[in-house]
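Each of the next two complexes has subunit A plus one other chain: subunit B in the first, subunit C in the second.
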Partner chain A sequence: MSGNAAMETKSTSVGTIEVSGVSHDYQTTKGKVAALEDISFSAPAGKFISLVGPSGCGKSSLLMVLAGLMTPTRGQVRLDGRVTSGPQPDQVAVAFQDACLLPWRSSLDNVSFPLELRGVSRSEREEQGRQALAKVGLSGFADRYPRELSGGMRQRVAVARALIQRPSVLLMDEPFGALDEQTRMDMGEELLSLWDEIRNTVIFVTHNLTEAVYLSDEVIVMAAGPGRIIERVTVDLPRPRAIEITETEEFLHLRNRIWRLIRSH
Partner chain B sequence: MTAVLDSPAGENTLPTVPRRGRRPSSVTAWRLGVVAILLLCWELLPRLLGIPSGFLVPLSEALQAGGREGDAVLAALWPTVSAVLAALTFTWVVGVVVGFLVGSMPGLRFVGTFFGILYAVPFVILYPLLSVWIGPGQLSKIAFACLYGFIPVVLTAAAGVRGVDENLYRSARSMGASRRQLMTKVLLPASMPVILSGLRLGGGLVLIAVIVAEMLASTSGGMGTLITAYRVQFDAAAVYFCIIVVLVLALIMDQSLAAAERWAARGRSVTVNTVAPG
Partner chain C sequence: MSGPATDVHTVRARSDAVYVAGLIVVPILLWEVAVRAGILQSSLAPAPSAVVTAIRGLFEDGLLYDLRVTATYVIVAFLLALITGTVLGVVLAQSERVAQVVRGFLTFLLSIPKSLFLPLFILILGIGALQKIAFGVFSAFAVIVVATMVGISTVDQNLLQMARSQGASRAQMFVKVHLRSMAPTLLEAARIAMILNITGVLIAEMYVSREGLGFLISSYGQTFQVERLLGVIAITSLIGILFNEFLRWCDKRQNRWRGGV
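And now, the complex of A and B:
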């Protein structure tokens, strides 16, 4: 019964997101903090969208709302036209900054954790888990604990774990934020080539404007106090994109425009 | 440099971390050596320095006393061990459950505070009362030991659960974990090393409490009563032998828990020198 329902949502799920009038206030001991104010935007299916903005402008809060991990004070989120509440693991997967791997589980057991939660059999989990690890180039590291991996590898495991959910929407909160510049760009390149095969909807939070422009179809620029959207910048650079594109004039023009937008608020 | 970054699968680019396995035999040898030297000192120093045997009995004499009093010691062992086991079962099971609830439900935080205050009470003053209420037998011993071991187990378990990284919880929730799965697959394994260290703490206190209770009430039997009896008879050698037996009991309990702790902390702490023996 529930299995059937899951199958149905999966086959019809395309990953359009509509955010309408979302505001969120955190209750603290010192009173209310307005983290988000009247956020509305829609993401068509299969688009790669980045959220950028100064620290504290509510990027993570917005992502938590989209993930169903936090109920906004006002407003709602529609997934494929349906108002949602709570996590939607069949459609939405989340990858956080510090990878959030379970330290007592091997890479393989971490990657297949979402399947375990769904009650998938061990052999099936192992097969899918190994495939997912191979996709991110970590075939040889199935038995390693997270602590025994480099930061970049941990993040690859987290990406593999998100992809194993076959999400129509992938939410990422500064997934490469803890990595050095070189590894960060390598990971971005890998993510793009993985995404080219899947083409699901991605909402990607980052501080790094080069990364944002390089990856995205659209960059949503936010400002703080209270968190709001100030501009949506369309990135119409051709795909597939090689890393060299970051040196072209169009690219730099877009990047600088976004930078000025953030600076001016 | 770039070669390293280009090949994610470069085995040689990883820090080499010792995996589960045997402790290097040199470490075992070292430890055995230290123990042997200590035992030798125990044997020789009293003789060489002329320490009166009322104070410190050489090891061999203590062991001889053990041979002489073997039956009495054996008979006293069971009341102690059974009381310890009963009290351990209660404090560990109930303590972990209560601690887990206190730690995971913000509404129950005050219970933790309450136990924290209670922890400062020297419960030893309660034993006379307990033995009057329940009688001086096994039951009051067990109740007394539970009283002693329970609170640290609760407090550590609660702290362990509270210390679980919120992001782990959050990401599991986004993957569709149910409440039950969050408990069993995230909170419990994540806090297990801390919970086990609480069990170790509580276990030690339970053993102490049982022995103390036995010393206080001469009719309750057990190792504590026996030690008191030998002390009254000025049989220092037998006292020392009993102490050795109690130490061995404590060591067995503590080391098995330490091994469990290392297993639970797999993938987390550096396990270079603390790998379980054998």
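And now, the complex of A and C:
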């Protein structure tokens, strides 16, 4: 596949993230809100890492910093050893919380939007766009507008749009947040099989601990007020993972441990 | 693609069109009959058939020239108002404070009848083309500025952030996100602006000029040439309606993604 070829031309260390001493205060009319305090961690290339924690603990804020969409008050982010500022569209792709599709564009034109911005020709865009839609199981929906799709389909379009950028780092903010448990796990399974082919670095924000453990190599547990990391839990379950793994004792043990960590803070 | 819902709409639109046509054709026929039966006085309300004959005469006497004069004023004024209005709206919308103050001011301006200022325009700009165009721009300008500012403030910030994360340049963001999400608002504003603009140009022509549709209307009115007067009115109305329908058609094409009907 052309996607893999593109990935292989890059060195194996591509997609390494190092976050050091990142703090962020939002300025509001009522004064400062400390959203992130002294966040440091590193994500080796090709790892799937989840961020979990209670609402308001700064998961989205951290993701925005990683995406280069927000400059932190203090600290820095390194990508492959280089300090970054601003978005890095050639390496980092973001799948936003609420899909963020352009409502006046069909699925196909939404998916190929990043290519259009780079000046890729129409025929090339269309071909890659159709491929990306096929990967997320939406081949038959290329001509549909966002409002003609279900919430889950919209999120799949957003994932396809992120994948078309062939990012070495994929940032996802609760991409399956609006879905029921069943569909959510189905999507998780699909995402894993896609990721098995690409093996880029993924930072995945979620509230759902089963999803976090099922998908990840590592789960970063955060606490609120101010937003900080309280523990990094390694998930050493074998891959590829079938959905049945969620019922094994090892899995439940990990999941419960993370749940207790969140509860104790 | 046309699902069953679209079919229902097409059928309904078609029957609506029949009603509208009926509303125009039936009174005209009644009018014709009334004049021929001597119920209506033909010197004040000439028969539609007489108006049609008058229109033919108008074309023979060089109506196309006046049509061209007015159309030029209208189009130039419209484009100027559209471009400068949009640009100014975009610039003003950059600062929240400025936007608020200007919006208040423009709302005042919108509520004043523009024709009050016509004598002033004549004093400053004379009675030539410049004055007609300037008055057309003046009539339509504020609507576009306000619509642009409102449009910009309603652009979804999340979409902008999405575009930014994918490396969109400022120009790309403006064209592919801002302009596109503002398109429905801008089209509607353009429709209203065009009506105001045509009104402005016609009033300016009726007030003082030697050519143009507005001039014809006022001179035929003053000389009691009612058939010709009605002829010019009919043609002017037709142009206005056609333009309006064109913009409405542009707007309708957005219904699919917007989900409106």
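Please note the rule applied: the second predicted complex is superposed on the first by the 252 of 265 C-alpha atoms of A that agree within 3 Å, B and C clash if a C-alpha of one lies under 4 Å from a C-alpha of the other, contacts with A are read in each partner's own complex, and residues count from 1 in each chain.
Keep in mind that, in the parts below, a contact is a pair of C-beta atoms (placed from the backbone, for glycine too) under 8 Å apart; a residue touches a chain by one contact, two chains touch by 3 or more.
No experiment lies behind these values; they were computed from the predicted model shown.
A.B. asks: Using the overlay on subunit A, decide if subunit B and subunit C clash or can fit next to each other.
C.D. replies: After superposition on subunit A, which the two structures share, subunit B runs into subunit C.
A.B. asks: Touch check for A:Y26: first (subunit B), second (subunit C), both, or neither?
C.D. replies: Touch status of A:Y26: no partner.
A.B. asks: Per the contact definition in the header, classify A:G152: touching subunit B only (first), subunit C only (second), both, or neither.
C.D. replies: Touch status of A:G152: first partner only.
A.B. asks: Where does A:W104 make contact in the superposed view: on subunit B (first), on subunit C (second), on both, or on neither?
C.D. replies: both
A.B. asks: Comparing subunit C with subunit B, which touches more residues belonging to subunit A?
C.D. replies: Looking at subunit A, the partner in contact with more of its residues is B.
A.B. asks: Quick one: classify A:Q182 as touching subunit B (first), subunit C (second), both or neither.
C.D. replies: After superposition on chain A, A:Q182 lies in contact with subunit B alone.
A.B. asks: Between subunit B and subunit C, whom does A:L69 touch in the aligned arrangement: first, second, both, or neither?
C.D. replies: In the superposed model, A:L69 contacts both subunit B and subunit C.
A.B. asks: Between subunit B and subunit C, whom does A:F41 touch in the aligned arrangement: first, second, both, or neither?
C.D. replies: Touch status of A:F41: no partner.
A.B. asks: Touching A:R118, do we find subunit B (first), subunit C (second), both, or neither?
C.D. replies: So A:R118 meets both subunit B and subunit C here.
A.B. asks: Give the stretch of subunit B that clashes with subunit C in the superposition, choosing among 6-14, 42-50 or 186-194.
C.D. replies: 186-194
A.B. asks: Across the two complexes, find the residues of subunit A that touch subunit B and also touch subunit C.
C.D. replies: 67-69, 87, 89-90, 92-94, 96, 98, 100, 102-105, 113-114, 116-118, 145-147, 165
A.B. asks: Of all residues in subunit A, which touch subunit C in the complex?
C.D. replies: 67-69, 87, 89-90, 92-94, 96, 98, 100, 102-105, 113-114, 116-118, 143, 145-147, 165
A.B. asks: Okay, in this complex, where on subunit C does subunit A touch?
C.D. replies: 1, 158-159, 161-169, 172, 176-177, 180-181, 183, 254, 256-259
A.B. asks: Any idea which subunit B residues touch subunit A in the complex?
C.D. replies: The contact residues of subunit B facing subunit A are 2, 5-6, 8-9, 11, 13-15, 17, 165, 167-168, 170-178, 181, 185-186, 189-190, 192, 264-268.
A.B. asks: Applying the document's contact rule, which stretches of subunit A touch subunit B when the two form their complex?
C.D. replies: Within the complex, subunit A touches subunit B at residues 64, 67-69, 87, 89-90, 92-94, 96, 98, 100, 102-106, 113-114, 116-118, 136-141, 145-150, 152-153, 156, 161, 165, 182-183, 186.
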